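One structure is given here, and the rest of the page talks about it.
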Amino acid sequence: MAELKYYLIRRVITFLPTVVGMLFLVFLVSHIVPGDPARLWAGPEKAVKPEVLEKIRRQYYLDKPWYVAFCYYMRDVFTGNWGKSPVTNRKIIDDIKTYFPATAELAIVSELLIIAVGVPFGIVSALKRDSIIDHVARVFSLIGTSLPIFLTAIFFQYVFYFKLRLVPLGGRGVKPEVVRTGLYILDSLLCGDWHALLENLKTIILPALALSMLGMGIVTRITRSSMLDALGSDFVDYAKMKGLPNRWVIYRHALKNALVPVVTVLGLQFGGLLSGAVITETVFARPGVGRYAVQAAYSLDYPAIIGVTLLIGLVYIFANLVVDILYAWIDPRVRL
Amino acid sequence: MSRRDEILRIEDLYVHFYTYAGVVKAIDGVNMSVLRGETYGLVGETGCGKSVTMRAVLRLIPPPGRIVKGRVIFNGVNLLELPEEEMRKIRGAKIAYIVQDPTAALDPLYTSGFQVAETILAHEENVGKKSVWERVVSLFKSVLIPDAERRVKQYPHEFSGGMRQRVVIACAISEKPELLIADEPTTSVDVTVQAQILEVLEDLKKTQEMTMILVTHNLGLVAQICDRVGVMYAGSIVEVSDVFRLFEEPLHPYTRGLLNAIPHVTRTQFRLEPIPGTIPDLINPPPGCRFHPRCKHATGICKREKPKLREIEPGRFVACHLYRGD
Amino acid sequence: MSAAKYAAVFIVGILVGGIVVYGAFPRKVVKEVVKEVPKEVVKTKEVVKEVTKEVPIKPNFVIVYDQATKIPEGELMRWTNINPGGLYSLELSALILAARYETDAAKRAALYAAVQRLANDELPLIYLYQPHIRLHYWNWVKNYYANPIAPDFKINWLEKDPSAPRPDQIVYVTIGEPESLDPAVSYESAGWFIAGNVYERLVEYYLDHTDYVIPGLAVAWAVSPDGLNYYFAIRAGVKFYDPYEGKTYDLKPSDVVFSIKRVAGIKESPSWIITDFIDVDAVTVVSEDEMKDILAKGLDVPVKGKSYTVKSLDEWVDVFKKEFPEVPYQKDFQIAGFVKVPMIEPYPALPLLASIVGSIVSEDYIKAHATPDDPWATEYMYEHPCGTGAYYVESWEHQAQIVLKPNPHYWGLPKPKIKEFIYKIVPEAQSRILALKAGDADFGYVPAPVEEQMEGVTLEHGGKTWKFIQESKGYDLAQVHLVPNCAKPPFNNKLVRQALAWAIPYDEIIKTVLMGHGDPVYGPIVRGLFGYTEDGITKYNLNLEKAKELLKKAGVDLSKYSIEIAYNEGNKVREQIATILQQTWSQLGFKEVKVTAYAWPTYIDKLETGDFDVGIIGWGADYADPDNFAYPLATGGYKFIGLEVVWLSPTEATVFKTTKDIIMIAPSGRAIVG
């Protein structure tokens, strides 16, 4: 386990340069564009006065050489000054702080659903290969990966909201009495606001289900095939030879090995969930970063677009870090 | 058959594999008898069914394979009729198996020490963690793994091939098995390591009073440590003998062919003589004696009737029509 | 320019011009009508522009100018000093400016009618259509009057049938999220809707009317005869409500002054509505004595298209007690004080002050929440509105919903009946439809293409069967048009532009993009604004023969030209229009008609720099005045010194013997007969 520590340290150290690298790319894209970048940062209005353009140039260091500008840019990013939106006139960082929790909540719940459904389903499917459950799982997997999220979202809404009246249309949910993290479900749990907790669960279940269908399909299939591979591997065979009880063979040896690729997929999924959230957020009227990004793109709110890019980039890098750490924790060969 | 104490007797074992290509009749009526305390060498070329036979003993034939017929009697009990849980208790404890490829056999995610400890924990109840670890460390020492205390906490990928094999051996002997099946234990290691492993095995045999079945295609190894040898070809035993007389005077044409294919250390040979032909297709094996297409001495009856294993001299068995009658 | 300078220049110009043109014109007319008339006027053939008209219009005014300078190409700013087509037009420039500064309502309408006719003939733009206002609501909602000028409707008029679902709550599902709740900052419909209900203005629009204003926070208004100074009597007994600290502030006349200065000080996108026309620095409170003195000199009171002259406070107040019987709170009022709003040049101030940017805020409230970095409290005002209106904002969950509740201190009538108004943002049309069908929403935005899903939808509730209504009520103050690049051949030829106007399937376009809920429009001014006329207008429609005839007359061979119809990416409506155009125009014989989509900034850039062939774009009203359409859409790229309209009596008019609409006479140049 000592090696795990060293690996962690090494991995965390590489985290920073990766972030800086990403910042540099974003910086390149946003500051070094054909045409006048100031015009882009000024926003979508038809006529922009020259003094406004000047102000923008100074604000975003467009009048400085790129290496200097980049340093200022990095300083800004790390101090939370991500610019101001010319469309909403709010600080980008404030907008992101407002909308990100909704998306994070949705992504986390979806991820949990994927894990809770996809992994067991895949395991059982592999253990009882070619049985009814296996066939059901494979069909389920196919449906999950083929149906476009737009269709499932609208369908769920039609059935569960409109016809069965079980859940609300959508929206943000109910703010609990004490808001600490911005994740309403967690907050209502922490402060014991059960009414809010119930409402928030009802509000999030449909979008989370719709969003996780694709992931469930993928994870079921990957878990199944990974598990089958593991069950047929030599060390599982050997474990049986040693006379280990079946439970140990399956859950200790086969499963842990099978989970290695699954963990990778689950981690990368998370980043994908954030971007897939756009459609879900639109259909279920949930105000999150996905929709914010689309609005920004639509209204050509350049600073907001760059801000969202930064955010998603950071989340991906972070998700990768977590996956790598998990991976190293499970599989000691990686720690070299 | 000798009346000396039999630890294992395989009677009329048939194992078939039901594949898309057809039914592979891998084990076609194997009869084998292993005496307690001896080192029995099971020889044959790759693909003749040695490992399958041994796995059948442990009842670990993976699908699409099935044990179709036969009896495996261990210490007087037919293993093929035991409930699974009873069988599990025997595996790893009474009958231990050393695999051919230790790298694939060890789970990369667990420490080597843990995997040995597992074996102990699987077969013993109420053992304290501390005592288990102490035992594991001493096991490591007994298989000549240096720096055992440190090694025990390391992962398989941190060991060399030879060391991994020793870990496997440590697993195998942890419960002091009565029967140890060593399946090509030196194939995946180089010559120097091979010698070390043999040393370990020899040692064990003396100290633990184990019966060992050594499955190999390496006749040199057989000559070194085996007491008796069983030669297998295409799914059945064709000759059984004690090791000296086998090498002096091989009876079965196949055995003769095998020995002729080995370069002699002292004698000058003009040519190594391989056995002409290849091993038969096991889905549609040749009728009668499976060796007849390659046998110089094949006669009409060889094509029709499969020869049975018969005791020609005390302790020597052959399955060949050449030795019938008289 | 101030009135004195203006007059001085005019006199000088006349003296100079008189020398040049004296004698060419019948003396009698010259003496009575104009001081100078160019000799060339007689040579009508050269100077009189020809136009095809069905009805000869007798000219009834003459525009005289002193000096006209063409704005050089490098200084042209489309929508600002020239029309988007880039067509230079002396007549349009003069006519539009003259109309802008005219103070008499009837005369102004005549001038704008003339603008409409001239633009309809010159076609700096090719006008496509004006959409209807479409209402989509459950029939348990009463008193839903939609106004094309913000706010879309006033919540305090709304009522719900008691047996409807959620009888005290209204849920309005829509797509827009306000960019700010600060009326001086917001420049889009969502923010304007909220601010329109939470704040109030000096004057307001009544129900669905856009042709006249009614008193709001001002009980009375008047303007000096030169059109430069507006005066407002401010209503007493009005309170601002701050729901966040549970306080109220009284409305004082100084708040009006402060609000206007705040708009100018903040300098955000909508500020120009105030700052381009109002002399903000000179806006001031007027004492009662000063007011009486000013009244004594005589002030004009433009009300509902009429004009009164008053000379005393009583006379003034009387007009407003009598003219608005339909407005319940005008029966009885007190005056808290007076405010003077001077204009930079004569311009109708009422539509400007009726727009959301003219909302009145509380000076004390702003000062209480200002910081040294943010003296106008824009950060606090972004989501903490404090207004005098019938509703206040209880909460704003960004991108999700805004909850409005009745203002307990509301001074006006009708008093709010709906206890909770939820402005719910649901971006997906299908979801909105589900919410409406389920009765969870009362009304909302149903885009034209999905309207059929709500056709005939009913709901059982409270023992009744309710119907969902979808209907057209009036016109939106907006239009969509094509922008031909008038500087580039073949569009630089008027006949070609007219030919193209005859080659457009207007009905098909309206059917495709609006499901038929719209009508063609023939000039820059839209229905609902005065100055809109269909007299003497050529109603272009699909007539390919006529188009080809005109092309022949112009002597232009279209097969030499490949043109590109551009629109902004993602705009489905414009894409459809472009495709339809491409099909029809290809039949005119163009070498090639391409359709290309550009990203919005690129698109705007191309239009602004003149790097395009034909563009498709629209225009919506910022405030309800024809100048808001005529100026940006039709002005002709000329600057003037000394511009004056001279009105002719009918006999004088007949002298000119022409069928054209306007006469423009300049000492230095041509005469355009009108």
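When the chains are written out, they are named A, B and C in that same order, and each has its own residue count from 1.
The working rule: contacts are C-beta pairs under 8 Å (C-beta built on N, C-alpha and C of every residue); 3 or more make two chains touch, one makes a residue touch a chain.
Everything numeric here is computed off the predicted structure, so don't read it as measured data.
The chain occupying the central position, as judged from C-alpha centroids, is A. When each chain is reduced to the average of its Cα atoms, C sits farthest from subunit B. Averaged C-alpha coordinates put the centre of subunit A at 53 Å from the centre of subunit B.
Mean C-alpha position of subunit A lies 46 Å from that of subunit C. If you average the CA atoms of subunit B and of subunit C, the two centres end up 97 Å from each other. On the side of subunit A, the complex with subunit C involves touching residues 39-40, 44-47, 87-90, 95, 98-99, 154, 157-158, 161-162, 165, 169-172, 175, 282-288, 291-292, 295, 298, 300.
By the touch rule above, subunit A contacts subunit B in their complex via residues 232-235, 237-246, 248, 252-253, 256-257, 260, 330-333. Remark: subunit B residues 58, 60, 62, 88-93, 96-97, 99, 101, 104-110, 118-119, 122-123, 155, 157, 168, 171 touch subunit A in the complex.
The touching residues of subunit C, counted against subunit A in their complex, run 77, 79-80, 177, 179-180, 185, 268-269, 378, 382, 397-401, 424-428, 430-431, 434-435, 437-438, 440, 570, 599-601, 604, 608.
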